[in-house]
Every structure is written in C-alpha cells, then in structure tokens.
Amino acid sequence: MTTKNAKVALVGASGYVGEELVRLLLGHPHADLVAATSRQFAGQTLAEIFPRFAHDEKANGLKFSDADPKQLARDAEIIFLALPHGLAAEFAKPLVQAGVRVVDLSADFRVNDAAVYKEFYGHDQVAPELLAESVYGLPEIYRDKIRDAKLVACPGCYPTSILLPMLPLVREKLVGPKNVLVTSLSGVTGAGRKVEADYLFAECNESMRPYGVPKHRHLAEIEQELSIAAGKKITIQFTPHLVPVNRGIISTIYVDVTNKIHIAAIDSVFENGYGSEPFVRLLGKGRLPDTKNVVGTNFIDIACKIDNRTGRLILMSAIDNIVKGASGQAIQCFNLMRGFPETAGLL
Amino acid sequence: MTTKNAKVALVGASGYVGEELVRLLLGHPHADLVAATSRQFAGQTLAEIFPRFAHDEKANGLKFSDADPKQLARDAEIIFLALPHGLAAEFAKPLVQAGVRVVDLSADFRVNDAAVYKEFYGHDQVAPELLAESVYGLPEIYRDKIRDAKLVACPGCYPTSILLPMLPLVREKLVGPKNVLVTSLSGVTGAGRKVEADYLFAECNESMRPYGVPKHRHLAEIEQELSIAAGKKITIQFTPHLVPVNRGIISTIYVDVTNKIHIAAIDSVFENGYGSEPFVRLLGKGRLPDTKNVVGTNFIDIACKIDNRTGRLILMSAIDNIVKGASGQAIQCFNLMRGFPETAGLL
Amino acid sequence: MTTKNAKVALVGASGYVGEELVRLLLGHPHADLVAATSRQFAGQTLAEIFPRFAHDEKANGLKFSDADPKQLARDAEIIFLALPHGLAAEFAKPLVQAGVRVVDLSADFRVNDAAVYKEFYGHDQVAPELLAESVYGLPEIYRDKIRDAKLVACPGCYPTSILLPMLPLVREKLVGPKNVLVTSLSGVTGAGRKVEADYLFAECNESMRPYGVPKHRHLAEIEQELSIAAGKKITIQFTPHLVPVNRGIISTIYVDVTNKIHIAAIDSVFENGYGSEPFVRLLGKGRLPDTKNVVGTNFIDIACKIDNRTGRLILMSAIDNIVKGASGQAIQCFNLMRGFPETAGLL
Amino acid sequence: MTTKNAKVALVGASGYVGEELVRLLLGHPHADLVAATSRQFAGQTLAEIFPRFAHDEKANGLKFSDADPKQLARDAEIIFLALPHGLAAEFAKPLVQAGVRVVDLSADFRVNDAAVYKEFYGHDQVAPELLAESVYGLPEIYRDKIRDAKLVACPGCYPTSILLPMLPLVREKLVGPKNVLVTSLSGVTGAGRKVEADYLFAECNESMRPYGVPKHRHLAEIEQELSIAAGKKITIQFTPHLVPVNRGIISTIYVDVTNKIHIAAIDSVFENGYGSEPFVRLLGKGRLPDTKNVVGTNFIDIACKIDNRTGRLILMSAIDNIVKGASGQAIQCFNLMRGFPETAGLL
C-alpha cells in the first residue's frame, strides 16, 4: 500500500509545543510540512529560530510566515494549531469551514459544554458551533472517532496523565465516583515559553511549589471525561506543583476502590484495556514511574498499588508533558486521521 | 542573666544532617562544640572534611574522633546523635545512663510503641526502656516537655512538614480523623549522603519519582502524633516523591473538614496556635509555599485553601528538610533544654 | 567603644543584588535600613515582595518608596545604589553633592577613564566629574582608600573573581603582562532578574553556553586594575560561560610565569598578601575550588597549580557572584567606611 | 543494493555509554543486537534494567549475559566494548585474534605510543601488539581507514570536542603549535555511572568545579592527534570543569593565529573541511554553541571568533558527550565499517 504523504501546516510554531511539533513533523515519514506560522519570527527560517534543526534541509528551506487561513487551507490538508486558547477557536473556524482538518492543541475544543468552558477559562468559547464536531484526542479512548474527525481537540498534559490511568477503572466501575484526589508534578515547560519573572531560571531552580490551588483549568476536561466514563458526575481534587525539570509530569492519584478488591483485578483491567496499546507501558510489580524513563518519548508509564491500611488504590503515571501531553499525542491523532501507522514518526 | 555556654558533642557528623549541625553549632552563640565523631574521618579536622568551614578557627582546631561514649559523657553535657536508626539507640543507652542529655536525630525514640517501631523499621527497638523518657522534639507542640527532657527524639523531616499544619486543626476537631491524604515532595538530601546509584546526579537530575509507596516509615510517627492529638486512631495516606533540588520539602495535605466551615475559622485556629511561634510563618491570602523561601532557614511556611467544590481543606507547607526537618529543629530543642533564647543560632 | 549604628538606604532594591543587600542589611548588627526604593514595588513592604523575609519585623515595617534623592540624603548617611549603569551615575550626583556617602554597585564609577567607559558601555559616563573621587571597592587592595571614600564603586562579579587571584602576583612581577587568558563560569543570577526569554528556566537548565565573546564589558575594569598593578598596559583574553546554577562563579586563569618559578614562591606571595584577609581562603595542596563551598558567603576560594609541561600557572577561584561579587563586598566596604569590624554582618 | 544487517554484540552494557549504545542499536535499521554483556545484570533482560526500553520487543527478549569472548566471536561480527581501560584491551585481544572486528570505546587503543599510554594511565598497555592495527575513530579525519579497520579506538569525549574544531586549522598551518589553551565544561555523565560520593546529586547540583588539573588523561590523545596534523609536537593546556547538567560538553579553545588573518580564511578552511560532513554544523555569524542544541544528537556545533584586541582565535564547540563523544561516534564508525549510510540510526 502506498499512502500518499500528508501536507500539513503548523500555526503558532514558536512555543515549546510548536517547536516539538516541528521536530516530530520534520522526522515524520509521511508528513510534509508545507507551512509554519509565527508572527514573531515571520520571514526567518525554522533553522534560524531553532538551532537544534540547523542541519535539516527542510528547516533551512522553510520560512515562518504570517498566518493566513485561506492560504493555509489551500496548501495543507491537516493543520495543527498551537495557539493560546481563544485565539485557537477563532483560527479554527475558517479552516474547518474550508474543509481542512484541524488538530488543535489548545483547550478551546476540549470542553463540550460552553458554559463550563467559560467558568474555567473566563471568557466565551469563540466557536461553540464547532463543539459538536470536535473529538477529544485521546487515542486510547477515542481512536475510532479520531480517525474520521474534522476537528481534534488534543488533551491537556495533566488530563492525559490522569485520564489514562483512571478511565479503564472508572468504566469498569472498580473506582467509585467519590474521593478522587490527584497530586501532579510538572516540569517548567508546562508553563509554555512565557517570558514572565515566575519562570526565570533562578525563580524555578531549587524551588518546588504548588500552584493553581484549588481550581486549575484542566479540571474542566478531566471531570468531563471521568463523568462520561462513569455515567455520572465526578468531581475531583487536583493540585499541580511546579518542579525544576524541563519536562515531565508525575501524577499520583488516590481513589477509593468500590469494594474489597485484589490488585490482580486492577491489573487485569489494565491489561485488557491497554495490553496492546503502543504507547501505554504498564509497569510491573514493584516498579514505580520516573519521568526520566519517558522524557522525549510518547509513552505513558502507569503503576498501581493497593494500600491495605487505608483501602485505597494509588495510581501513578509519568509522561513527557510536551510529547504524550501535547505534540506527540497530536501526531498520534494525525496518524489515525490519515490512516498511517499509529506509531509513525513517534518511535 | 549570664548563662554559661553549653558543651556539646556531635556523634556521626559526616552526613548532611551532621554537617548542618556542625554549621549551626559553629555559629551558635551559646554552644561550645567539644567533640565531633566520625569513624570515616577520624583524625582529620572539620575544616579538612567540610571545605565550607575552612576559614573557621574552631573547625580547624577540632578533629573528628572515634565515638567513645565514656569520653563523650565526660566532656559534653548535651550530645547530638546523627546516626542511622538502630545504632542511635545503642549509642544513646550509655549516654543517658551516664546522665548526659541526648538529642537524637534518628527515628529510634520517635515511636513510643516498640511494636509499631518494629513493624515499620523491621528490627527490634534496641533500647525500649528509654522510650518512656524520650520526648518528641517538636517545640511548637511539646515545648515544656522538651525543656526538661533527658532524651529528645527529633521528628523526621516529612513528619515535621505534615504535623505542624495538621495538629492545631486536629486538636480543635476541625479536621476529621478520616480521609487524610498527603503528597510530599523532597529534595535529594532527604536520602542522606548515601552512596548509591539511585542518588547519583544523572539519576536524579531531570527526574521526578514517587517512592516508598504505600507505607513509608515516617507514617509511624505521623500517625502516632495525629492520633494523640485526635484522641483516637488516625490512619493516613502518604506518598513521598523525589525531586531534583538539594533541599526542601513541600507537603500538600488533603483533609475532610468536619462540617461546613469557613476559612476564617481555620485561620483563627492557626493564629491562636502559631501566632507567636518564632519559626512558623502563616502565609496570608493568596500566598502559596515555595521551598526557595525557606531553604537554609528553620522556618515552616504554611498555607491553606478551602475547596468549595469538594468540601475539602488543602493544607500546604514548605520546610528545609535539613534545617527545620532535622538539624535546625534539633538546635531549637537544644535551646529549650538549656534555657537559651529559642531562636539562638537560628536566625 | 560604642559606635553608633549607621542609617542606610538602598536604591533599586528589586533585583537579585538588591534583595541580597536587603538580606545582609536586615541582619547587620550596625546598620539601620531606613529606606528602600523601587519604582515597581513602591507602597508594598519588603516582606510582601520578598517572602524570605516574611518573619522579619523590619521587613514588615518598611515599605518600598519611590527614589527621592533629597529625601534619601536627609534620612541616610550611606546609600547603596543597585541600579543599571547610566542611571546609577545620574542618581549618585545629587547624593554626593549633598554630602551623603555612596556605595554604587553598577559599573558607572569603576572605570577611571570616561573614554574607556564609553568604548565598553556604549554611552557617555554621565558624571565624569565624580570619577576622581570614586574608589574601586576591592577591600583587599584598596582598604585604606575605601575607609575615607565618598563614593565607592563596587567591582563586578567576574572582576572580583579574577583580580583577587592575579593582583598579588602581578604586583610582585611574578606574572608577565602577556598571555593572560581567563575562562569563567557563572550562575544565572549573574544576568540579574532580567525577564528575557534567554533566562527562562527551560532555556538555561540542561544548557551550557559561552557568551559575550570576545569583548565582555567587565574587561574594562579588569584590565584597568591589572595595568595599574603591573605599571603597564595589560590586555587579557576573557570568555564567560552561562551554567545552570543559581549562584557562583568559577574563574580559571592561565598566566605565563616570568621565569622558572616554584609553586612555593607563588604560595608565599599569596600568604603574604592574603594570609590575614578575613574573606580570602587559600586552598591548600591538592584542593580545587568548588562554588558549593562559597555560595551564600563572602569568601573567595583560591587555588593554584603550576603545569610543568607548559610552563604556565593556573589560578582558579570561586565566589558567590551575588555576595563577594556584589552585595557582600558592598557591605564589606560599608563596614570599612564606617569603622565597623570588616566582617560585621558577613559571617 | 541490499546490504545484510550486521550482527553486533555489546560488552559492558551497564554504564551510560553502554546504555546509549543499546538505545542506538535497538533503533538502528541495519544492526541486529545479538548479545549484551554485564556481570552485574547477567540473567536480566535489557528491558528490566533500562526502563526506557520497556516497550521494546528486542529489549524484552535479550538478556544480559556474562562476557564469553569465544561465544561472542561466534555470534557477532562486530563487537562494541564499553569497558574500563585496561580491561578493554584484555578483552579485545581474543576477539581480534578470532577475526571479529572491534569498536572499543575505552582509551586503550587511542594512544599509539605505549609509553605515553603508561605515563597517562598509570599502567602498561595490555595489548601493545594491537596498536598498529587500531584506527582512531574520528570519522571526519580517518574515514577511509575506519572503513577497513579491524579495531577502532573511539575518541574520548573531550578530544572529540577539541580536535574537530582544531584539526583543519592545524593542518592548514593557520594555527601555530604554541599557546593552545582549552577550557572545557562537561556534564556529570562524563564521569560514567560511578557510584562515588563526588557524583551524588547534592554534591554536583548547584556546584561548578575544575578537576584533573593540570594533566587530564585525555591530553595524551589530544596532543597525539594535533601533533600528527601539525607535523610537529604540540603541547596544550587543558582544564576540564564539572557542571550540573546530565549531558554535554562545551570546549572553548584559544589559539594564536600564525599571522594577521581574517575570519574569512578560517571560515573557508572550515567550509572546505566540513561543508559536507553530516554531523558537523558550522554556526554562522554571531552564533555561539549551546549544549542544549546538540544533546541527544550526534552533531558537533562549531563557532569561531577572532579577537582583534589580542590577536587570538577563539574556537568554541558543543557536543553530547555520550553521543558524538562516545556511543554515537561509535555507531558512525560502525556504519563506515560495514558500508551502511554513515548517518544510519543517527538522525
């Protein structure tokens, strides 16, 4: 079978997520990057802005352009949006109308309910008419829908690290809807390439700190997906922490187990759910996740322990926030959308 | 009032806790360090082993010696033990018998119940007859007992960061005995100066990982002290994480609040309990703890938030694991024991 | 002798150097901080802006104010300027005229020759009439002049780390004027609290890079002081590198030795020059400097080795760029100016 | 052309260099890893020991074995040795005798002169009879010899970073043989996975330090290769520094230029020498190397500046010490030896 390569464009390429998408797309065997936009860098080549790609022929040939939806819609068949929320929805509208398929990495199309979106993001969802078409881009859960999606809303980094360990157990009713508590640790790229004093080296190095307490925006999509899986409303506790590493997320999740349950039952649900997933690694007995084993990859490492003293299950996961938590997962969706091998460009 | 200086000795001075005790004792206005022992470094001066103190006259004059309890008991009136558990109790016995006061930084005398000690530490408590005399060295809670104690068991680093935020609320019954969950993040010195592959730079840097799941040893003393304060048995969930910083602990604690409670009530309990404590800083509205504000100091920073969505209280604290979590707290106890100003040598 | 405390003010308190001056002044036994200025933070207390000092009574009582030279001149007898170059000289003028003594931490008064200043800083020296009065604030070299100075120009961080090892050897003609090469490594606070993308955590962490090649501004003062000591013009090679630590400088200096010389002669010059200096630590045989031994202190650690293969002397030094390289040295000068013990507030 | 895959084995797979070779070989399109040896891990699979490869089928199927030269010689046609010096030569002997081609990553066969080897390594070269056959594995310099080599001695990490910028200029006599000085900065993996106190996280983090002054072992091979290129003996000054990053080397090299030379001449030599090299990136005007642009890759980034004030040329380079400085370069040699595309498995 000789599948034709896909012409793709990337809008908003200058942040960490955009740069990682450039890396993945330049190395992708079936993607032709035809345009990358950045207001800030327009006119300069990708190689000039990202010295990591200085050797790459394509990166030397391709210049950042201003984002012109019409032009992009003519040149590309799938367009990745790595834009701030709000802006992303605005940009997606004409593209979807023009029939181009969109992989959006912002939060704009993750939350199905525009009212919930507004509650968490503080402004109206700009393109609510597109919500019905958008698919939540978690391949392990929505693989089939992603294949045919016109608009994929890539999950947030924390949600990816929390939903993948929880969803199989929630669906099987092994985990109750109450008393779900999550503590996450994130590397500093999680904040994006924001030029703010809080993210200066000397403010983050030798520092650890909770933030976004108690109502981080990612709760909107986490609770949405958990509730869908449970068939009833799930409200969780979630506290992210900033840690001085470049990349990585650890999520440690506490759940009440519905009744006296053996770890073998949990393992079996995971094995059934994820045994053949290419990017989910179930850590065996005695193993705990460590971000250094996943950084730079699209894997999620998942471990679980039952605490007999408290009757609780402890789920732990590790991902690279920029890869499985953003750009890698976007590529995984892209592969599905175009019928390429799901792991193409990701191993 | 002219108080005479105290002659003190330090047994097991070569780890991070020992080195920090050296630093604090060299700078203490009322302590005369008369001996420091270390099998490994016997015969070398403190200045030779710890280049940070290369300028210090006392550090140049004092050589590490082998630990001879009889000699130490003759030379010093208060002796700090910075030894591994098991060894510490063995060493404390002859000292206490000889009438010397002991400040022990190991876990040996923290757990009142020898059976619980054995459950968590895997071997018998070596000197159970001393348990009745030992005082848990948390000055904010046991100040008066510490003053007269013959044997002070300095709390562990995690317990310090967890108990100080919780105890006032538990005592006032504002916090129920159920559903207490704690996630802690610790810098790598928390593991001591252990020469093991797991703590090599390249294994810890750019890494985050949970460990000790689900039954970390510190649970023994945490639950003991919570249970004493509550007047009934409290079992908690606790997950520590290793984070690539040298020093610092963040503890994020989730508790159910017994009934609909306003944050003002919590604040008021903290204000009553800690308003005049020299080393407890209650962070005001909107402030969250950050280890970089406490590293190198004996302070604990405490913040709390009520999450109205979940009806839970979130307590957050930051300490330096080596100072307030070990050596600084030991000095604070020492000051109490000898009637020196509690902050002497610590500000 | 009961010396009256000195009333001091700090202008431009919001950067890393300013914050460290606040720390040192709050803890200084003979300094009363009567004013701290910051346009950005005017109206807020020092404790609010710097959570490290949240417990400090003075930090809670003192609010940042706008900088009003007249008012400051009335209230303080010595004023520290932690301002950008250019601005500092402008601010110093009215203060010096009003008879207040000034300790300036910018580069404005370090370079005696206004033409050289312009060559390296790209603009005119704003107050050239003050150059004649200004003293280069390296206490080990200009101690007596500093005592009586109206205006002290505190040395730059790199210059401090380079001049202290070199000057005694240059003065004794043991080191030739040619072929001096210096490579320095600096922590990121060396760039100040500049909110620029280059200094974001993820741009500095896991990164090492040379910068300012080949003509870093600090060359102006380094060559000036070397030339004064040598009695003839010395031009050197100097390359700084940015390294992912918060604080610290390592300077590795290569010099031709004028003739076949034994290390003992070098050691003896150092011993004579620095044997009784309170903040210079000459590392003994086999010891090499490590920034972790000086960070947070006002010490400079100096080591030297002769390479018989090449006939060169290698000098190595370590300082804390913010303490001995800036704020600590400023306090050392202040102590001299007011006749306080030179180490007051610094040990 | 259908080249058959190469059967390869890896001896001493448990260090950082070995682990990286595993990574590169598992992903190599033309290499079949048939054996990996490690005394410490014998009997366990690669996937068990290296959790990064937990998903990899081959890593799950292959167990570490004890190193049996005879068996290895039967099973593999090219064998990588990632052993300590001394041990490597001993191991290479029977392999070379058995007709297997060897890529050695130790220092044993880098130094042509056994007396020089002994001077720098403190013990006799164990297999001096093989020195005549060994080729120094710097593809940019010895490409043709490597193709036919029976025994390749992969260059050290520092030598790679120093020789590549210097050799073209030395060969063209643009750089004099005198006054070559190099300062290098290395990440901590450069020390290997040595379980020693000096390399514990808290000893390296927030630390910068020179070491190996003045006669680091790598001088032997650096001076050998420079001297060969110059046609006369070159002695250089070299000081390595340890910096708290996992990976990366920056080398800053000062050379006297033989006569008044324009940067264009230097650029032209580099362009001629390296313009078509797949792994050498010549940084353009105004660009300086940064390790973060090369970490994880086999590239070397090279920049140069002329300092008109001093008449010196400053060469700067950045590599990943484990990739271009060790395992990646070994794979590059391997590709040459077997006639695979030189970049196979490396881009």
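First chain written, first letter: the chains are A, B, C and D, and each begins at residue 1.
Heads up, the rule we're going with is that a residue touches a chain if its C-beta (ideal position, glycine included) is under 8 Å from a C-beta of that chain, and two chains touch if they have at least 3 such contacts.
Keep in mind that what you see is a predicted model, and the values were worked out from it rather than measured.
K.L.:
With respect to inter-chain C-beta contacts, which pair, A-B or B-D, contains the greater number?
P.N.:
Between A-B and B-D, the larger count of C-beta pairs in contact belongs to A-B.
K.L.:
Hey, which one of C-D, A-D or A-C is the same interface as B-C, over half the contact pairs lining up?
P.N.:
Equivalent chain pair to B-C in C-D, A-D or A-C: A-D.
K.L.:
With chain centres taken as the means of their Cα atoms, state the distance from subunit A to subunit B in Å.
P.N.:
Chain centres of subunit A and subunit B, defined by C-alpha means, are spaced 40 Å apart.
K.L.:
So what's the Cα centroid distance for subunit A and subunit D, whole Å?
P.N.:
For subunit A versus subunit D, the centre distance works out to 37 Å.
K.L.:
What's the distance between the Cα centroids of subunit B and subunit D, rounded to whole Å?
P.N.:
Each chain reduced to its C-alpha mean, subunit B and subunit D end up 46 Å apart.
K.L.:
Multi-chain contacts in subunit A: which residues touch at least two other chains?
P.N.:
Each of 187, 203, 205-206, 244-246, 290, 292 in subunit A touches at least two other chains.
K.L.:
Is the chain-to-chain touch network here best called a line, a ring, a star, complete, or other?
P.N.:
The chain contacts form a complete graph, every chain touching every other.
K.L.:
Mind listing the subunit D positions that touch subunit C in their complex?
P.N.:
Contacts found on subunit D: 179, 181, 183, 185, 187, 203, 205-211, 213-215, 235-237, 239, 241, 243-248, 250, 252, 254, 288-292, 295, 305-307, 309-310, 312, 314, 316, 318.
K.L.:
In their complex, what parts of subunit A are in touch with subunit D?
P.N.:
Residue positions touching the partner: 27, 51-52, 54-55, 206, 278-279, 281, 283, 287, 290, 292-294, 296-297, 299, 301, 347.
K.L.:
How about subunit C: which of its residues touch subunit A in the complex?
P.N.:
The contact residues of subunit C facing subunit A are 16, 187-189, 193-197, 199-206, 244-246.
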